[in-house]
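Chain naming follows the written order as A, B, C and D, and within any one chain the residues start at number 1.
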Amino acid sequence: MDTSQLSDRKDRTIINNYMKSGYMGLLLLEMEGITSLADLGGPEAIRGFLPEEFQDTFDLVQLPLLDVILKEKNRASAKAVFRTAMDYFELVNRELEAGKPHVQHYFAIAPEFMWAMDLVPVAHEALGAISSIFYREGCEAGIDRTLAEGYPDHLCAAQTGSVGYLLDGLIPKPDVLVNNSAPCDASNMMYEYASNKFDIPLVMIESPYYQNERGWKYAITEIKRAIEELERITGHTLDEDKLREHVEHSNEAISYFLKLQELKRLTPMPDTGWHRPADTLFLIQLGTPMSAAYYKALYEDAKARADRQGSVIPEGKKEKRLAWGYAWMAYDLPFFDWLEEEHGAVYTGDVLTYIPPHAGVVDTTSVETMIEGLAWRFMQMPMGRQTMGFSDVWVNDFVTIVKQFKVDTLVLAGHMACKHFWALNKLLSDKVKEETGVPTLRFEVDMFDKRFTPGPEMRRIMNEYFASQ
Amino acid sequence: MIVAGCDVGSLSGEAVVLQDDSILAYEIMRVRPRPELTAEEVTARALAKAKLSFEDLSYCVSTGYGREKIPFSNSSISEISCHGRGAHWVNPNVRTVIDIGGQDCKVIRVDKLGYMVDFVMNDKCAAGTGRFLEGMAKVLGVELEALGPLGLAGASPTGITKTCTVLAQFDVMCLLNDGEDRADIAAGIGRAMAERITKMAKRVGVQGEVAMTGGVAKNAAVVSSLQDVLGLELYQLESVDPQIVGALGAALFARERCERQERRKAS
Amino acid sequence: MISLGCDVGTITAKTVILKDGEIVAFDITPNEGKLSQAVERSVQNALSQAGIALEDIENRGGTGAGERYISFPHVTKSTISCLSKGVNRTVTSARTVVDIGGLSTTCIHINDQGKAMEYRTNDRCASGTGFFLELAAQALELKVEDFSRVAASAQEKVRISAQCAVFGESEIVSHVNDGVDAASIVAGISHSIGSGLATTARRLGVEPEIVATGGVAKLAPVLKALEEDLGVEVQTPEWDPQLAAAIGAALPDTEQ
Amino acid sequence: MSAFAELLALPSRGENPYLQEWKKEAGRVVGVTCTYAPEEIIAASGLLPYRMEARGVTDTGLADVYFHRFNCTFPRSVLQAGLAGEYDFLDGFCVLNGCEQIRRLYEVWEKHVNTDYQYMITIPHSISDAGLAWYKEEIFNFKEDLGKNFGIRCTNEDLWKAIKVYNESRRLVQELYALRKDDSVPITGSDAARLLFSAFIMPREKYNALLKEALEEIRSKDGTDDYKARILVGGAALDDPQLLEIIEGQGGMVVTDTLCFGSRSFGSLIEEDGDDPLHAIAKHYYNRNPCPRMLGQFKNRLGYTEEMAQGARVDGVILEKIVFCDSHGVDTTMLADGLEEKGMPAMVLEREYALSDLGRLKTRVEAFMERIARG
């Protein structure tokens, strides 16, 4: 990466960090024959090896994460994760520098139509959440900034982190906000706040409340309405060929996503666990070439391992199959690798990285068919899908995951801010117990803030659990 | 004119006897099971110090947790107003007052006359209050007063992750056992407090000079890390014990109300 | 065969010595100062009671939040397994274990072998825990042991609503200030803890027999509140309920 | 007992005499969770709409089995009442997605309380023609489904009649608010809240008759101007007048509000003629002064609060919210900042549905009163 491309604008700080972190990760991964930081004489030595302009980035990044990605079994997925971070945010930066209107949108909205309007859509939540994945201090500065404005600590850090960055001017102020009325009040209210605080127009795409024909029709009209409003606000119009181009990217991405999902049924589990949070977060790039490349790389890594009957856990350990019913913890990716190494516990699936096969491929015949397809897919996107309607969708997804992925234990690491989940957690675990007999382990986390349930505490909880088995 | 202010909190009670614009005497004591007993005793002691008795008082305002149960007080005022007023009397440039009591943590903004214009107070849980420090001091096996100096000696503050006042105590026990330096732990405790307080301070908006009142203001570790985190100098109430500021504020209100009464009588 | 179990909790360290499965000695020592010293004291007390030397005990198990402060060689066991096995040892018909520890409340489903099938713990907040009882006792200038006696004379029970243990304490103080008699307050505290425990149990599902363990299980009014709330009988082991995990730790067949 | 006294003291749920009478005459009752529920449709169908409340519920042990401590205590308390059998008198339960936590009552209620008939009405989170069309279709489907389930027919005439009845109480309540505008206030905020609370738990015709009488009595009272400050209360649904009593105990006089079951339920009328009563109803509820759950509407909410504040010449605004309510948790802070910017003192007050830790609440309120009403 040519660091001269980095914008020196303050509001690009976070985006630049992501680009540089991606590049730095790749540098490490390309160093031949090292499988841990120790191999090169420890962190200080490695910092020394890095070009000077990446040393500050090195200081930001979680060291345990670097040790995890250097492991042989994780390298391929690691390359995918870090390359994506670099390429995607480089693309975003380039488009922003070109002065195109910038949209920050709720992460589970199919962004293809916004690219097709020659806008620069970025998932608002991701701008904070990715810090939580990469950095020692996560997005805590952003969270604390928002709370210091007097907003409650029970909001979702997915928004409070990014809004804090917005308040500190560390991410670009969007020209438009686009929000999906599902999933929750916490996210909705942060969009309402940002829209008023910075006087940014807010475009709503209402989720239908029913997974049926009527709901689908409604979703279609809502996406069309959003397009009209965006046209009115930005003066940009939708281009059919561009839309087709971006939908083809996301079709490819989703088809790899689904093929990877199929592989997760296999024992031994062919896919490593550490990158799963990124799998959800990187849905934000649907419609860009990067997303297709990302899921393709993950699929091929898992496929290769499956073909040779390979496993992601140490020799001689018995594979225990966990499903992360509600959520993953973005702030501690090494935790999922630790589970594999320490307990032979593999990551099968979770509702946030689960997309039903019928979300499927969008028909690119015409604008009409594409919008219909995107509307349908929008209804099947994680989180929105589970929370928009009645709980049966959510419950059935749980049961499907537990059955299809042959799960031994359903871990409900409930996200503190998710009032939906906490209202339904017993119905969900009871139903799973009733349908599959699989037991549930439940504890409280904040998906993006390590201070709530720190890594050592999670490890203690899991040790206790496995010791009792 | 001689007036008194009496502040009965959840951990300690204070009384201040005021003549015109000067403090004649004050007293601090650990609470008795009932607020009226605490008030009675602490005020009597303060009066005795000034060689006075209840009869000499023209007016008395009570404040704090048990303010409404004090038989001999003429009226009561919330501790929030009193801390603001008291701190402002000590230093008229003070516009922001941080008061940390037994279970409460308040940040108060006052106007140029010392009247409270805005405040925030901790909700839901007691993390970052006097109780927190008490428990920690107990675990560290030092007097509450000794916790501050100990913390100042700490070079690298230990991270105290658990926010819950109670749960954190066991963590600290373990840290101790793992041979963690006691000074560093004490410093970490101060740091943890400071971070909680800072969030609240930012909410009301820090203005003018900032004074810290209440017993915790005597904890040097908390004060110094609070200065770090807030990034400003706290005004030190040298001339007055930070713990009596609530009672002092109450006494100032007592004077004001007494004067008003007399004016009414006159007219 | 002689075995020793040590459960280092958040408030007390407990040691049990079993001879052919029977308790021949036990000790409960509060954690003051260094944890390792509390453990040391507790183990020594138990050993001298039993009149036996540590070296002569082949089976030694340790468990609890502070287990790592047991200095001598021992087998580390999970608290969940220890509670399950410990209870199963004396109440084989037990299927649900409710335990209130110093800083946590736990509910476990166990099978007839004393294996933990599924469990729930609330360990993020000290409300309704043993520690809250300690704070409450201080506020009332009582000993926790006195609660049963005091509550017996209660005419009514006051509502204790605060979520936070420390606010709970201040709530109690304000009741005292309002001149409410200690009996009604203790009854209120017992009720809030008992029904809190019932809720924890219901979250998992209540399967009889139910056995209560932990220091709180010594408090009749809490157990009464728990039984009334669940509408089923709640048993306690014939030995000190606080020893459940230590006994489990002493049993050689407890999962490691 | 005077109509005024009766409305003040009207007990809720099982103890409620009007409810008992209604049931005795084989009347059927449908519970509603939210002010976006079109009560007119239920009433026009010959059913009694009953507002789901949990007055007097202090312990939530049964509900906490399903709803976690991170959930708002309002739905938890309502669920508690349901699980304790206090809502067994319901023949139907209509849930709205007013907020996600109330909305989530639907599933738990269905499984563990099981009222014979349950229905979900959804309303979009933003205001648009498409949204209005969706909501109208929703309430139409509700009307049809009610008819099917209870074997009743609800004609346009029935709807127009119900609209007139409900508008009548809107007019009467507006008179009540008007009476509180002068310096001399004839009724405390806590009593006014009690009067309004009764509207949602008894047949509306009967309520209107009683309220008319009560208004006469209130007019005949000589009011008081012995208070330190005039207060507007806004924020989350408030069923416990005790909070208002605390404010008034500290020398405040609550003279108006922006609460959903307060001024927002009575502030505007439904068109009484036209050819499509359902459209009139849909338009009214959908476009009414919005709850924070309606996005892109903050400026309207702030404007409405200022308007009410000026109308009643208040000295300060108290915005109360229930712990773990995200909508009001954010909105109250935004409103407080907005009001303070314009020089209107405002305080956010956090509480549980059933008030607890009164000492701390009182200290906050007292300090706020000291701030706005010096001396």
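Convention: a contact is a pair of C-beta atoms (placed from the backbone, for glycine too) under 8 Å apart; a residue touches a chain by one contact, two chains touch by 3 or more.
Since this is a predicted model, take the numbers as computed values, not measurements.
Across the assembly, the mean Cα position most removed from that of subunit B is the one of A. More C-beta pairs in contact connect the chains of B-C than those of the other pair, out of B-C and A-C. Look at where the CA atoms of subunit B average out and do the same for subunit C: the two points lie 37 Å apart. Rounded to a whole number, the gap between the C-alpha centres of subunit B and subunit D is 40 angstrom. Between subunit C and subunit D the centroid-to-centroid distance comes to 45 Å (mean Cα coordinates, whole Å).
In subunit B, the positions touching at least two other chains are 65, 124.
Within subunit D, the positions touching two or more other chains are listed as 65, 323, 359-360. Multi-chain contact residues of subunit A, defined as those touching 2 or more other chains: 149-150, 426, 444. Because contacts link each chain to all the remaining chains, their graph is best described as complete. The touching residues of subunit B, counted against subunit C in their complex, run 10, 33-35, 65-66, 69, 102-103, 124-126, 129, 131, 141, 164-167, 170, 173-174, 176-177.
Those residues of subunit A that touch subunit B in the shared complex are 144, 147-150, 451, 454, 457. Only residues 58-59, 61-62, 64-65, 69, 352, 354, 356-357, 359-360 of subunit D touch subunit C when the two sit together in their complex. The touching residues of subunit D, counted against subunit A in their complex, run 65-68, 70-72, 75, 97, 99-101, 104-108, 111, 120, 122, 124-126, 128, 130-131, 134, 292-293, 295-296, 298-299, 323-327, 329-331, 333-334, 336-337, 348. Contact residues on subunit B toward subunit A in their complex (touch as defined above): 120, 161, 163, 198-199, 202-203.
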